[in-house]
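Mind looking over this structure? Questions follow.
Per-chain numbering from 1; labels A, B, C and D assigned in written order.
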Amino acid sequence: MSIDKQKEQGVQKEDSMWRQKEMINANYASLASAHENGRKIAATFVPGNLNELLMCFDLDRSLPETNALQNGMRKKSGRMIMDAERAGHSEDVCTYVKADLGMMQKGVGPTGDPLPKPDVLLLSYTGCFTFMKWFELVRDEYDCETTMLHVPYQADGKITKSMRDYVVKQLKEDVIPTLERVSGVKFDIDRLRGYLKESAKAEDDLVWVLQSAKNKPSPIDAYFGGVYYIGPIFTAFRGTPEATAYYNVLRQEIEQRIAQGQGPVTPEGDMGAERYRLITEGPPNWTSFRDFWKMFYDEGAVVVASTYTKVGGVYDLGFRHNSDEPLETLADYCLGCYTNLSLPKRVDMLVDYANEYEADGLLINSIKSCNSFSAGQLLMMREFEARTGKPAAFIETDLVDPRYFSAANVKNRIESYFQMVEQRRTQAA
Amino acid sequence: MTITAGIDIGTGAVKTVLFDSDGGENGKWLERRSDRIRRRDPQQLAESGFDDMLSAQSLSRDDVAYVATTGEGENVSFRTGHFYSMTTHARGAVYLMGEIGAVLDIGALHGRAIRIDNRGKVLSYKMTSQCASGSGQFLENIARYLGVAVDEIGELSKQAQEPEKVSGICAVLAETDVINMVSRGITTSDILKGIHLSMAGRLVKLVKSIKADQKVLMTGGLALDEGLVAAMKEEMVEQKVDIEVANHPDSMFAGAIGAALWGSFRHEKLAALDQLAQAS
Amino acid sequence: MSATEIIERCQALFDDLDFTAVKDWKAKNPGGKAIGYMPIYVPREIIHAAGMLPVGILGGGDQLEVIHGDAYYQSYICRIPRSTIELGVTGRLDCMDGMMFPSICDVIRNLSGMWQLMFEGKYVRYFDVPQNYEDGVGGSFYIHELKILRDDLSELAGRKITDADINNSIAVYNENRCAVADLYDYRAVKPWQASGSDVYLLIRAGMVLPVEEHTQLIREYLAAIEYEDRPVRDNCRVVVNGTFCEQPPLGLIKSIEMAGCYIVDDDFMLVTRWLLDDVATDGDPLKNLSEAFLHHSAATSAKYEPRKEDKGQFLIETVRQRGAEGVIFAAPSFCDPALLDRPMLQKALGKANIPYTAFKYAENSGQMQPIREQAGTFADSIKLWSV
Amino acid sequence: MQTFIGIDLGSTTTKAVVMDENCNVLGRGITNSRSNYDVAAEVAKQEALVNARFNLFRQSLGDVDVDASVMENFIQRLELNFRLHQYLLQLEDLRQTCLGNAASERFRDLGNKLIEALDEVFDRLRTDAPAMFVPGAKRKSDFFRDIAGAQYMAIGEEVAKTSDVAFDHILNAYDRSIIEVENRIIGDEKNAELLNQAVKEAFGTLSELQSSAASVDKMAQEVLGRELEETYVVGTGYGRARLPFSKDHIRSEILCHGLGAHVMYPNTKTVLDIGGQDTKAIQVDPAGIVTNFQMNDRCAAGCGRYLGYIADEMNVGLHELGPIAMQSTRKVRINSTCTVFAGAELRDRLALGEAREDILAGLHRAIILRAMSILSRSGGIEDEFTFTGGVANNEAAVKALKELIHENYGDLQINIDPESIYTGALGGATFARRAVEA
């Protein structure tokens, strides 16, 4: 359904939402016609997404995880996954990968526009082992030129010079030359600087938006709403003026909500009274996103901080793209993504969030597909409870595999959790 | 001519056949029997069944050139050799139906799709995963719960108006699903059909995953469940698989037949090797 | 010792979940330290050069009762981290003075962080390896990682580790690599003599024994096995692939053979066969180790394959060299590297007309019936149709 | 009088607890959840109310000057007689339903044979009935489905041998009738009537009572006549969503189990409940408030039903498993607790020549191992520890649990109440009481 039609029908959304929807659709439209219009397509991942660099070579950007989640939300992923499994991919492995391969078989993107095969795969191997095999699989299937950017893991919670040098060297000696060859465009570092400046502006506003959740009531839901807010910056738009404009509008909307003491907007309009403030760890489930969200706002639960909104960059801890050292800043950006952080560091973040955002507790949505997130979450939960004295709940779902979302189970857990928090509160009072 | 026996020990029943063939070719079917295990010792069932068959043909054990076991028959004491289920079902299926591209073996606890060439060689296969509410066992449990006799299942299932599939992967939770259906007033027919469809869904997925391109023959204990057969046909359409799912009145013997024929083949091969050995 | 006695000793080492062998070594070497390492590869030479005992930690097998370990993991994560944590919280790993977690997948990667939180005060090292194979790029990063390891260990050992020390250790490990290679070659020729489980147990012994002793043990076995007279069975020859991290239960290896397959090559405990040739024992040892890693190491699912056309070639080469008739892909359930890689390897085998079959296991799998069923059918299809 | 009722709608059984305003448990009732939750809830509640009356009888004992032992004896008879009548009532219903079904199309070609066979079966069932309800008699279970079922199988098989009707047909006649029958509610009036009858008969059987019959009867009538007002009802458990209750009459089973365990054992810190298809580990604070919980889902491995399948597979009663396992002399490690494949595993092991009791012991340990890791996930075990749910009545499971707790957490107080299966309902009833206080 076209956006204007939806608008006519008065579908509940803020301006920023419409803007974003338009940006996304425009990008898919552009990808669809890229080859006719002589443009080349690069595919790359959200964590370690070097959007500014790719723009320097006039490449269109396609992000496989985003495609998969868009297909999930449109209830198309289930079939794609089964197609991939039938083609011989294990039922045990990441469903983003299978949804992506299933989609590529058909060559049609989430919006229904054709999605041509990418001309180059920028394998920024950042914080997720599966990425590496994912693009090996795509390369194996579609013969795409592939360039690997290996981003070392922050095992000890810090970025060392050796790590940065390694990444920068790969950019200089491997990634940039490959992109030049594929695109036929010469690399211009000043052009990169320009995009990076633009990025930093949007990043400031994004951080302001995410931190607005410190207000009571919180004007935003930093998880279910948050996934929309991170959209442009984490995908094909960081470094573009559209993105900067989007965050500007978004910020104004939220300033207004704060002034009027309003809570978050939900698919069913404004949320009722804020009863629970939560931190979340882990990605959401996309195939039942609405039902999942409803389980929260129906109970007056709002997420005030989430780690998932940091997979494409932990900006709230201070990182900004810095145009003064363009390549080094790209390296630091990749090295700093949430899933590239050590487990102890991730626990610290959760604990700090719980305190700074005055949360009642932690909810971990453990994702079958994503071991980078999930392996160790049960320990993170214990550590969190021990260090904050706040209760945590643990549920298991998946990203885009409808077979793995059991509404009854999830509801039972969440219900019991809220009743528990409630009970402890009345006890304390 | 060589007389060989095939013994297929399954979860629910022991199937035994006696064949007369030359090296497994143009086999003549002498005897057959199937004994439901019902908590008895399969080994003994196999042995007694075997002997009864012999006496029916007024033969002695020495007249049998090769006793081939399959299924869970690896440790049958009086066997000559053992062949694995997929090998034997493939061979048996070809004997029964000739031109087929794949075998779908459906037992009490497993489902296997086996792609074969026209001589019955196993090219590839796929099995249902361990935890599967789609097992025949599960169907039987539910049938009893619903007060339906095994021989009624098919008929009832065919009468279904609006079947509802069981969602649960774990059979126990799936059972609860079913109980909930009953409590929501879903008819017995619709429930059974629902289970058949869920099973069929999984099985067709198997058939697709082995990329079968020719007629598929259903074998094993559930091959003759009309309800399942019907559901299979529907699911094939549903999942856009354009090949015929056939079945054969004797398909439950496919494993035993295959064993008997392979036994004969092996027997001749070994005999040949002996001669070679003696010659040299 | 007879071959059987040697294997009995290895079996005893294999069954011992308390690492008594390590404790004995420490008793004999006062002040000596032990460093545990997980699959698939760490440069044991450097640990050895520090005068320490490298100990392979391969999970708990099918005899360990996992209680606390399960509490840390969801149903969809493989077994090895659970049983490893169980070994840790039950004090069985107290005899390790440090733990190394190679970069193999996200589960093991995160386990390194869990170890930091759960066992404070112990030396924990996530050992990153380059996925870029240029000496000047990945190489210099890797050499830096090796330096860190060397310096950490010399601090732990309380003495400087010289290049001479490392070169000497490299020589010792060259010996071991050579013995292991001979063992594999022997089995490929006479698989009925050196059974799959024999070879497995022999290599497994190398996870807890000092390398010199292990080399010796293999040599003794090779000498003794010739005197055994074991029946030749009508089996086909297979390469087992995908078992490089979580180990299959011994019962599975035996079941494969029972079902009619001789294992003529495998990727169990790759650490012993990771570097394919001798490593130079003169000059800068870290540079030599790096070059060996970058240019002369085994291909596995945990590595990036820079060139599409090389995908699966290493496996195909192994099949050819060993005269194998097929490949059995046995991978642990939920093993990302093995299971994501498998379709590409299968495609490559398909092109090379090499038959294969595939199934999954867990280190504590109990039911071998389905395994025998599949391995057996595979063996049948090769045997009955080979003219 | 006011009563407060908690109903725990479990996946396999439904439990009810009736409480007075001083939080004393008056009565407990249990029934199989069958395919109709409303019926199950109603039946469980009625059972609990009937049971409450028996306890009221006990409470009123003091009012009459009769030797206590005689009185206790009287009440026991009373209860047994009541159960017998209830049983016979349903048995008759079953008979009619079976005969009805036997006359249907399906069995046409059997002519009268099946009808005759059924008549014989039910005659014998009726004759055997009283023996099951004499003091000290053991019954396989307390659910009509199970008692009648077991008897029916046994007798049916014999009848099948003598008559020329296949056992399968006789069995099928039962299978298709039992659901109908067990979904018919007996009803309060009928129960009252049966109770009255039972009282009269109890007098008949006990001569010692004749002298003081009048006072006893007066007491009895008073108790029978007393009105039990259902002041507040709280529903919980797996099937709670299906109960015809408003939201504020529903509580999560986690909270109910936590509170119930706390009510039984006020020092409880950790609760383990192993039910039909889920296992819950719950941590509670000194006030009985849940501080943490973990439960299995999407896979019922290692839950109560697992033992059910095993019992079926071995053709023994569920309650016999424990005792058999207790005879084990050798340790057998079993790693898979998948319910459906339990049977296969069992056959595998038997084929390997392992002893039945050793395998069973291994299976019990496997279940408890799973529970142990769920406990560990919820934060471990703290003194005191309370084990609830159906499996808590299985001695082999308890043995394994005690061993493992000792091995992993040392010596601590382990509470197991013989009535622990009612824990959730007890918590529900307590919430009901509190709801009215507030």
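Note that in this section a contact is a pair of C-beta atoms (placed from the backbone, for glycine too) under 8 Å apart; a residue touches a chain by one contact, two chains touch by 3 or more.
All values reported here derive from a predicted model rather than from experimental measurement.
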item	value
Comparison of A-B and B-C (more C-beta pairs in contact)	B-C
Euclidean distance of C-alpha centroids - subunit B vs subunit C, Å	39
Distance between chain centroids, defined by C-alpha means - subunit A, subunit B (Å)	48
Chain centre separation in whole Å, for subunit D relative to subunit C (CA means)	52
Subunit D: positions in contact with at least two other chains	298-299, 341, 344, 377
Residues of subunit A touching at least two other chains	88, 378, 396
Multi-chain contact residues (two or more partners), subunit B	72, 130, 169
Contact graph of the chains (line, ring, star, complete, other)	complete
Subunit D residues touching subunit C - in the complex, by the definition given at the top	298-299, 333-336, 341, 344-345, 348, 369-370, 372-377, 404, 408
Residue numbers on subunit B that touch subunit A, as the complex places them	129, 169, 205, 208-209
Subunit D residues within the subunit A interface of the complex	251-255, 285, 287, 289-295, 297-298, 377, 379
Interface residues, subunit B side, partner subunit C - complex	72, 74, 82-87, 110, 121-122, 125, 127, 130, 262, 265-266
Subunit B-facing residues of subunit C, complex	259, 369-370, 372-374, 376-377, 379-381, 384-385
